[in-house]
Every structure is written in C-alpha cells, then in structure tokens.
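Across the two complexes that follow, chain A remains constant while its partner is chain B and subsequently chain C.
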Partner chain A sequence: MGVAGFILSPVIGFVIGIFFMGLFRIIMARIHWRYGPPLYQPVIDIIKLFLQKSVSHGVIFELGLLLSLAGSVVTLLFIPIGNICPLNISGGLLVVLYLMLLAPIGIALSGGSGSNPNISIGISRKMLLALSYEVPFLLIVLTLMFYYRTISLVNLVHFQRASSWGIVSLPLAGIAYFLILPAMLGIRPFDMVEAPQEISSGLKVEYSGKFLALYYIEHAFRRFIVIALFVNLFLGGAGEPFTFLLKMVIVFVLGVFINAVFPRFRIEQAIRFNWTWPTILALAGLIITYIWGGYG
Partner chain B sequence: MSYPDIIFNNLLIVALGGAFLTYLLGKVSQNVRNGFAIFISSVLVLMVAGLHGYGKELVYARFFDHPLILRINNLSWLFAITITVLSTMSIIFSLSYMKDKTRLGLYYMMMLLVSTSMLGIVMSGDLISFYVFWEIMSWSIFVLVSYNKGPALAAGLKYIIISLAGSLCMLVGILSIYGNFGTFDISQIAGFIASAPRGYIVFILIMFCIAFGIKNGLMPLHVWVPSAYTESPSPFTALLSGMLAKMGTFGFLMIFYIMLGSRIFLYLGQGRLSFHYILCLLAGITIVIPNFIAVFQDDAKKLLAWSSIGQCGYIILGIAFGTSLGLAGGIFHFFNHAIFKALLFLAVGAVEFRTGGVRDLNSLGGLANKMPVTFIATLVGACGLIGIPLTNGFVSKWLIYKTLILNGSPFLAFAALIGTWGSLLAIYKLLHNMFLGQLSEKHKNIKSAPFSMRLPMVILCAVTIIFGILPGLGLNIINSIGISLGFESLGVNLWGIASETGTLNTINIFAAIIVLVFIVYIIFRTGGKSVLVSQDNSYAAGAYVPADKYHYTVDFYNPFYTMVKPWLKDRIDQFYVWIGKISEKLAEFVRRMYTGDLGNYVIYIMLFLAVLICVQLIWRPW
Partner chain C sequence: MLTKWFKQPQKMGNKYSLWAVYFCTGCGIIEVPPVITTRWDAERFGVIPVGSPRQANLFLITGYVSLKTLKAIIRTYEQMPEPKYTVGFGSCPINGGMYWDSYNTIKHLDKYIPVDGWIAGCMPRPEAIFIAVTHLWTLIDKEMANGYKKYREKYTYYRKNQERALGKLAWPPLYNINKRNG
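And now, the complex of A and B:
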C-alpha cells in the first residue's frame, strides 16, 4: 500500500468510528422503542462543538488531549485493516499494547489538570477498570503470541488465514476476550468511568467546545481500535478492508446489545467480574496451549 | 604509555584522593569544597569516557602471594560511566538540597567515596579487591542512609544488619573458592570451576546470590529497601536506587557469565528445576508483588522505593533468562532504570525541598504550574518507568518480553507485563497527587526548583528520551558485551533491533507521533476560541466548590485497596523480625551462662571435656 496507507488508515478509522457512534444511538433507540437521531447526528454534533467557544484549564489540559488523540491514531497505524497496515514492520503487537497506553495517559493528564473532583474519581475508576480487564487481556494476547510463536500482528493474521480463525483454534481465549470487550469499549455494564448520573460524566466533565469534539473523536478511534484488534486476533482479520469492516460491524452490534440490557456495575463489581470468569477462561486457555504446544 | 593507560592507572587514585581532599577543603571554605566535589566528579566522568572501548588488566598490589588485579572491559565501562554520570548529577543536585544541613564535609566525602567504591567493584579482577570495595560501599551506604538521624538511623541499622548477612555469605563463598582452587583471580577461577562438581557450583552460586540479591532487592531479600530509600537524603536516594542497588546486578553478571559462563550456568539442573529458571521465577515474583504494593503507598519516596524493587525484577529476569535478547534487555534495563529512577527521586527531592519536606501524597497537588520543569521531569521519568514508546524503558522491556514469549515462557511474560500495570497505577498516583488537581492555599507562593536542581533533571530527561528514540546508542555497547560473554549477536542499528520475527523501529514511531501531534494541533487551532479559567471555576453539578483543596487524592485507589486489603500482610518482614527475636532470645540465653562465678566456668569446662571424651570413646573421630 505504501504511503497511501498512512492517510487511508486514519480516515477509515475516523469515518467508521463516527459511524459506530451513530449506529450505537440508533440501535439503542430501537431497543428502547424510540425512533432515535439520524445516523449522521454525531457529525453534526462534532462540527457544532468544534465551532463553539470553550473553556480551558491551561497548557497540560490542552496538550494531554492532543497527545491522547495522536496516540490513538498512531496505534491505528500499527493495526492491519484488511491489507492496509502502514507501520506493520515496526515492533508488532507488543508495541500496540504499549501505544494503547498513550491515549488513556494523555486523557488522564489532561483531566487531572482540570482540577475537578469528578475527573479525579473518573480517572481512578478508569485506571482500576483498565487494570481489571488488562489481566485477562494480557493472558489472551500471550496465549495467541505463544501459540503462533510470533509477536507480529500481521503474521498472526496470516497464520489464521492459512489455517483456522483464532476463535476456533483458541476458543477459551476468544470467549474471554468477548467477555471483556464491553469493559474495553467502556459501555454498560462497565460505564462507571463516565457514569453521568453519579460523577457528571467523570473524565469529560470539564471539556467543552472543541475539547469535547476532540474527546469524541478520540473515543471513536479508541472503539475502532479495540474492535479491530478483536477481529484481527480472533476473527482471522481479512484480505481486504471491506470484509474486515463487516466483521467489525457484527462485533460492534453484539456489543451494543449487551450495552442495552445490563445495568451499571460498581467498580468493585467490575474488578471482581473481570478477575473471575474472563481470567479463569483466559488462564485455562493459556495453560492448555502451554501444555499442548504451539501452532505448526 | 598511551592516554587510556595513564587514565586507567590513575582513575581510582584520583577518585579516592578527591574524596578525602573534599573533606579537607571543607575545613577551609564551604564553597570551595562544593566546587571541588563537582569538579572531581566531572573529571571522573571525563576519565571514564576516555576509556571507551579500552580493555586491560593491571596488577596493582600483592596480598601475600596473590595478585590484586584491576581490569576494564566493555561491561565494566558501561557500569563505570553510569556510576560517574549519576554521581555527578546527584552531587550537583545536592548543592541546594543539602544547603541548610550540617556535617556537609562528611556528606560530600561519603558521596565521592561511594562512587569510588563502586568503580572499584566494577573494575576488580580478583575476589579480594571485589570484597574489599564491596564492604567500603556497604558501610558508606550505611553512613549516608542514617545521615538524617531519627527514623533514618533505624532504617540504616536494618540495612546494615541485612547487608552484613549478605557479605558474610559472600565471604563464605570466596573462602570456599580459595580453599578449593587456591586462587582469587576471577579469570583463573573461571578456568578451574568448569570441572568442579555441579552441587558445589550451586552452593557457591547460592552464597553469592544471597549477597547480590540483598543489594539488588530481590524478593524475599528486599526488606531493607523501603525504609532505607525513604529515609535517606533524596540526592543520595537517586544514587542508591540508580546505581548502588545495581551493584547486585553487576555481581550477578560477573558470577553467572564471567566466572561460570553461560555454558555452565544455564545447565545447572533440569528443565523447570534448573537454577536459572528458579531465579527467573523469583524475579517474576519480584516484579509483580512490589509493583502492586507501590500502588498503595502514600509516601512519595516509599512508592518509588517499592517500584524500584519491582523494576530490579525486570533486570534480573532478563539476565537470568539467559538468551542474548534477554541479556541485552536486562543490561539495558539496568542502565535505563538507573537514569529514570534517579530522575524520579531527584524530582521528588525538588518538591520536598520547595514544600519544606512534604512527601505525603495526600497533602500535595496542583504543583505542575508552579514547578513546570520538575513536572516535566517526573512525567518523562514516569513514562520511562511505565515503558511508553519513545522513552528508554520501552526498548529494554520490549526486548525482555519478546524473548520471554518467543522462547516459551508465557507465564513469566505475563508477570512482566502485568507488573507494568502496577507501575502505571502507582506512578500515575504520584504524578496526579503531586502535580495535577487543585493547588492548596499554602502552596500558592511556591517557587520553581533552583537551577542546580533543574540542571541534573533536564540532563537525565534528555538521556531518557534520546535512548528511547535512538536505543542503538546503548545497545551497540551492550551487544558487544553480549558477544564477549559468548552470546550470539543481535541485529542492532541506531534506531532499533532487526530480526526475522518482529522488528523494532523507534524512529518510525517517533516520526509518526510527532507528525500526528502536529496535525492534531493544527486541527485544534482551527476550532473555536477557548478562554483560560482558574481552577476554582469548574463544573460541580450545581454543588459549591470550596476555594482551597477540594480534590480526590486521599485513598486514590480505595475500591481496589478495600478488595485486596485482607491479603496485604508483610509476612516476609514479619519472618525476619521473628528471626531477630529468636536470635535475641538465644543471645540472652548465652549471656546467662556467664554468671561471673569462677566455679561455674570450671564446671562448664569439665562438662565440655566430658562430652569430648564421650564422643571420642563412642565414634572415635580423632
């Protein structure tokens, strides 16, 4: 793909991420027996917010947000979308794991300097939630990397396309990943980080105008990355972007269904949940893989 | 004689002489002494830098018939340059930090003596010199840890007791080696030990590993670390965590790969029960538990101390795992950790200095705008600690993870990866509770850190980032160390590591992040205007926000803490305290035998002789 990938990849991420936001609202509305906003409502919202006057809390407040958005887009450059993967030779899945930290750290810095108690509570919850889902997530990722004996995301996709999908070869890890997917996406029952009724939306309470717009865009990218990673790791990726995006939409819609029917967990409940079933499944998957040996 | 020869011959003389001269100059004038301490430590940096790529052995004295040897090679050089640079940084930092303290002559002399002894350790070619320098270092640390008196004295005592136990173990090992092979020369021992029985080698290894493990804070030998790091003066803590603890790392490298060699070391025992794998497991435990204990600390330096123990786990894991990637990762992480942890301790020291000794994370906050350089230093150090790409910590951790995964140890890799989350939670708490959030009224007039504090922090920041973007600067030397220790070469270039399964290219990541931050910034600038508001002007859902500190910092991770609290008991520390009590009781019992009555002593002697006679009659050993 060459240079075109560097432009194509963020554009796809942006468009699909925003599309997911619209889709999310429509599906939720239909489940609630409402009509819901039009699909392009998030676009209108973002443009409107972008042009509005806003309130800033200083340099760190602004730079942190910029860093987090840039971090999300950089992460996207490492993730294959079908055959588009501009930075596929620069370190593999381990780099992705660490680049995925840039966005939350940027947001946490920006929010932290917002000096609002609600933000601090939101960050504390975000960190703990991340810790709780990282335990099974790392086990899952290690299972895959150990099974296929590679740390390259592109190779993982190649191997799956050559044999069978990850979810067939490693069913326990796949199920565990699906169980923590709502937590990684930050949707119910794991939306305590942004609980609007308790801590006035937590992390984003001080964002207004263009800050809020950038936050939404970052959020869209982050959702895209999490789902894209799932498709690449367990649903065999794809040879070209279209199939890939189709798989992503299916996963996302399943996630929205979960979101629609569950009430919110408290943070302790979330930690306890993530450290029981997903962790047990992921650990069992890793132990089985460890005993039976790897692929090929 | 060429220049490197002259430098090498005089290095330790200059270091030692400089240390004592500093003390004497202090009697003349305070400023002259401070200037001279900086001068001599900078001279040492230059001298060591001049030895780059130089290898030599020098017999400097004789102990009875045994030559005492100094030698230098790439491994020693890497340690030596880190020692001298860090010690210069902490001495510069000390200028303002220690300004109002007393007994400064002693302080500066000990700081220089500590670096001299470390230089001696990394350059000794025989076990006698090694042990002597090791003891000079151990006792100098004691003096500096307990410099502040009060609780520091208790911390120092705890340290020196545990450290002495380690030194004695090492002494047993050294004497046993001498008894068997009749030499102290490390390269000669390396020749003899190959034919020694495996059981004997393991015994020697355990003796040395106790000594090195104690210095390095390897679990379960780490108990002295938290109190000693917390109570010592901050510039010295930077050196203590950055370099002095790493002398254990050097010891491990020396005994594993120079004295034994990888051919023997990696094949002691079978499969999962081999010596190096058990050490890897201990290192894995050392990564996970301390990094999560750090999350619950409220004292900034104690938090960093626990985190240091955890990071040393990565170093030992990499070294003990025994692949060329692991060794490179371990050595590189030693260097990186020395840099970024020293940076963090200095930054905490700067905050401590400006706020009048406050280290309690619950009572600080909002200092970022008041002390911007210190904040950036902490941020960069934190990124290095977590291992965010573009800081040096990332590269070394990447190497360790990669070898763990590809060489079939996913559980150790899990320990290493989850340990990162412990350090992320802990260091974010430090960053947030010190620098972000609301500034309290009493800190409204705080000034930025003085220049002599900012300079070392800025330099260390720059090193952290440069080695993150161009890791080849360090990895080239480390690669040559690996080759000289008998490992295969890595495909190192200036900006990463090339190999068939997964290449690391930090330049790509750097370019991508820079370009994207720029683009995002342009987009950001085109948006609507924003107004800067004060910290009190924030949205609290209709509630009134008090003017002072109304901020969520106390019990930052409370939900998590209440969950794990039942399991948080320091059983290891309790165990050592129990041993202490038992030996106290034993000593008490022994003391009672000394009644002071001559008749009793005669009875003891008679009883002892009677026992000896019985033994002789029954078993006839003599």
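And now, the complex of A and C:
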C-alpha cells in the first residue's frame, strides 16, 4: 500500500463514519415508525455548521478539539481496514489502547474552557464512563494477547483468518466486548454524557458552528474506530476492505437496535453494570484461557 | 438542484437543516412533542430539537410571552449563531391573544426581537409548523428571512424597547448602541 494508505485510511473512516451517522438516524426513525431524514442529512448538517458564525472560548477550546481529532485520525492509521493498514507495527494493539484515550482527554480539555456548569457535569460523566469501560476492555485485550501470543493487530487478524474467529474461540471475551460496545460508542443505554433533556447536551453545550462540526466528525471517527476494533479482534477482520465494511455495518446495526429499545442509565447504574457483568465475563474468559492455554 | 448547492451552500444548508432550540416559552410547546415524534415526523424536513441555543438556528416562540420569559427569550436569541430565524407560534406573540389585557405579558413580540414569520391560531395544528417551515424555505431562498440582519442594524431600537419593558438589563449590549438615533 505504502503512502496511499495514509490518505486512504482516514478518508474511508470519514466517509463511513458520516454514512453511519445517516444510517443511525434512518434506522432509528424506521424503528419509531417515522419516515426519517434522507441518508445525506449529516452532510447537510456539517456543511451548514461549517458556514455558520461560531463562538470560540479561547485557545484551549480550539486546540483541545484538534487534539482529539488528531488522536482519532492517528488511531485510525494503526487499525487494519481489510488489507489497508498504513502503520503496520508489531505492537499495534498496545499503541491503539494508549491513543484511544487521547480523544476523550482532548474533548475534556476543550469543553472545560467553556466554563458552563453543564459541561463540567458532562466531563465528569464522560471520564467516569471511560473509567468504567476501560476495566473490562483491558481484560478482554489481555485475554486476546494471551490466547494468540501477539500484540500486533495485523497478526491477530492473520491468526483468526487461519483458524476460527475470535468470538468462536473466545466466546466469553467476545460477549463482554459486545456488552461494553454501547458504552464505548456512547449510544442509548450509556448516552448520559450527552443527555439533551437533563444537562442540555452536556459536553457540546458551548460548541457552535465549525467547532460543533469538528466535534461531530471526531464522533464519527470514534464510532468507526470502536466498531473496526471489534471486527478486527473478534470477527476475524477481512482480506479486503469491502467485506470488512460489511461486517462493520452488521455490528453497527445491532448497536442501533440496542439504542432504539433501551432507556438511559444513570451514571452510577452504568458504572455498576460495566464493573459487574462485562468484567465478570471478561475475567472468567481470561482465567479459562489461562488454564486451557493459548492458540497453536 | 445540485448547482444551487455549489452556488449558495450556506443558504441551502440553512434551508434543509433547521435546528430548533428546545425552549418551552408558553403553552404552545404542547404541540411540539407530536411534531418531533412519530405522528408528524419533523426530522424528514431536517428539523430537530437541540439542547443548547449555541447549536440552534431556528427559534420557535411557542405561546404567550410573559415579562420573565421575555428576558430568557432575548438572552437565548442573542446566544444563537448567525444566521438565525425566529417564528412566532400562536396568536399570543402576535398581538397578545387572549392575554391582551394582562399586565404581565408582552403584546407585540416583534418590538423586542425580530420575527421572521408568524403562525396564527390558538393553538395552531402541528401541520402548521410544517407549512411555516416550508414557507421559511421560500423566504430564505428569496433572502427575505433577514431578521438577524435587522437586529444588528436596528439594535438601538430593540434595546430601547427591551429596557422599557424590563427595566435595566443585566447583560451588556450585543452590538454598538447609537445614542443619537435612539
């Protein structure tokens, strides 16, 4: 692939992320028995937001947003999309774990300079939620590393393609990841970070115009990353981008169904959930893998 | 259609993505939940409610405006990013409606903030919001929905009326005040 991958990978992430936003709104509308907006409605929204007059709250407000956007784009370069993986290094999984934290920290920095009480509630909720899903997530990643005896994402995909999918050989870890997937995506049972009815959309309350557009683009990238990671870790990745994107769409639609039928948790309920069932399943999976031994 | 997008992207974007600020000003807000949910689906017109005035560009004044509400309306309106559009919903913001002799309500809203369109009725049906939205599209196309420009130009007049109704205002003026013409 070479240099072309460095451009192709973020472009695919951007286009598919925006497509997911449109798909999300259409599927939600159809589940509510509504007609719903056109598929290109997020594109209209983002064009409008970029051309609006916007209010800035200082240098950190702008730089924090750029930091989170850059963090998401760099994370995307480490994730194989089919056979496109621009930064194919041996320790990819560990680097992704570190870089995935850049986006919430950047948003927290940026939002914090807005000095609105709703923002501080939103930030504290976002950080607590990140704290709660990181515990099972790290256990799941540890299980995978131990089972396949590699910390390279590309090798992980190769091993899964050679034998069976991760969700077949490590069912407990796969189920645990699927349980924390809504929390990582920030969708309905865990959307207390951006609850428009309680804290007037929380973190993004002071964003307007082009800052809000950048926030939405960052959100689209983040959704893409989380789902692509699930497909790579448990659904065996893919040899070419098309099959990979098909698998991603299936996982995303399942996530939208969860979003459509569940009400919103409070933050302490979300933490209690994330630290019980997904953590217990992930821990059990780790112990079973430790006793039975790894792959090959 | 597509050439219009390339010629005037701002106008077209504002037309098809009107985000309404979720602010219940009066009893007319009872008509808005059916509009944004299943029965009359406003999202197919691109109209969605948002939680913060910073993100909105459509302001529905739903129902009567008391003096206390007027304060919040002015602050919300001034926080919205330009271009922004206001629609008065129901007969109360137009001329006071059934509160025409009340000591505590505003009779003519357009003295305090510029209003781009009116929906008459007490209460208007939810379909009337869609008629208003499609009419607002025509106004945006013809550049007649320029209330935000008017607010900037005649800010002295609006500020004077606001101060007459509310006494001394707790926030600084948004634009320069021309003392001579005021």
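Throughout what follows, the second predicted complex is superposed on the first by the 294 of 296 C-alpha atoms of A that agree within 3 Å, B and C clash if a C-alpha of one lies under 4 Å from a C-alpha of the other, contacts with A are read in each partner's own complex, and residues count from 1 in each chain.
Rule of thumb we're sticking to: contacts are C-beta pairs under 8 Å (C-beta built on N, C-alpha and C of every residue); 3 or more make two chains touch, one makes a residue touch a chain.
Nothing here was measured: the structure is a model prediction, and the numbers come from that model.
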**Message:** Counting residues of chain A touched by each partner, does chain B or chain C come out ahead?
**Reply:** B
**Request:** Please indicate which partner A:H32 is in contact with in the superposed arrangement: first for chain B, second for chain C, both, or neither.
**Result:** second
**Message:** By the touch definition at the top of the document, which applies to A:K204: first (chain B), second (chain C), both, or neither?
**Reply:** second
**Message:** Just to be sure I read the superposition right, which of the two partners does A:L212 touch: chain B = first, chain C = second, or both, or neither?
**Reply:** second
**Request:** Answer with first, second, both or neither: which of chain B and chain C does A:S54 touch in the superposed model?
**Result:** both
**Prompt:** Which partner does A:L101 contact after superposing on A: first (chain B), second (chain C), both, neither?
**Reply:** first
**Request:** Please work out whether A:T276 is in contact with chain B alone, chain C alone, both, or neither, and reply first, second, both or neither.
**Result:** neither
**Prompt:** Which partner does A:S164 contact after superposing on A: first (chain B), second (chain C), both, neither?
**Reply:** neither
**Asked** Now for A:D45: first (chain B), second (chain C), both, or neither, which partner does it touch?
**Response** second
**Residues of chain A at both interfaces, chain B in one complex, chain C in the other** = 51-55, 200, 205-206, 209
**Fill in**
Interface with chain A, chain B side, in the complex: residues 366, 368-369, 375, 379, 383, 386-389, 394, 398, 401-402, 405-406, 408, 410-411, 413-414, 417-418, 421, 424-425, 428, 431-432, 436-439, 496, 501-505, 508-509, 512-513, 516-517, 519-521, 523-524, 527-533, 535, 537-541, 545, 550-553, 556-560, 562-563
**Fill in**
The residues of chain A that touch chain C in their complex are 25, 29, 32-38, 41, 44-45, 47-48, 51-55, 196-197, 200-201, 204-209, 212
**Residue ranges of chain A in contact with chain B within the complex** = 50-58, 60, 62, 66-67, 69-71, 73-74, 77, 87, 89-92, 94-95, 97-99, 101-102, 105, 108-109, 112-118, 120-121, 123-125, 127-128, 130-131, 134-135, 138-139, 142-143, 145-146, 149-152, 155, 200, 205-206, 209-211, 213-214, 266-268, 271-272, 286, 289-290
**Request:** Write out the stretch or stretches of chain C touching chain A in their complex.
**Result:** 9-10, 12-14, 16-17, 19, 22, 37-38, 41, 43-44, 46, 49-52, 54-55, 57, 81-83
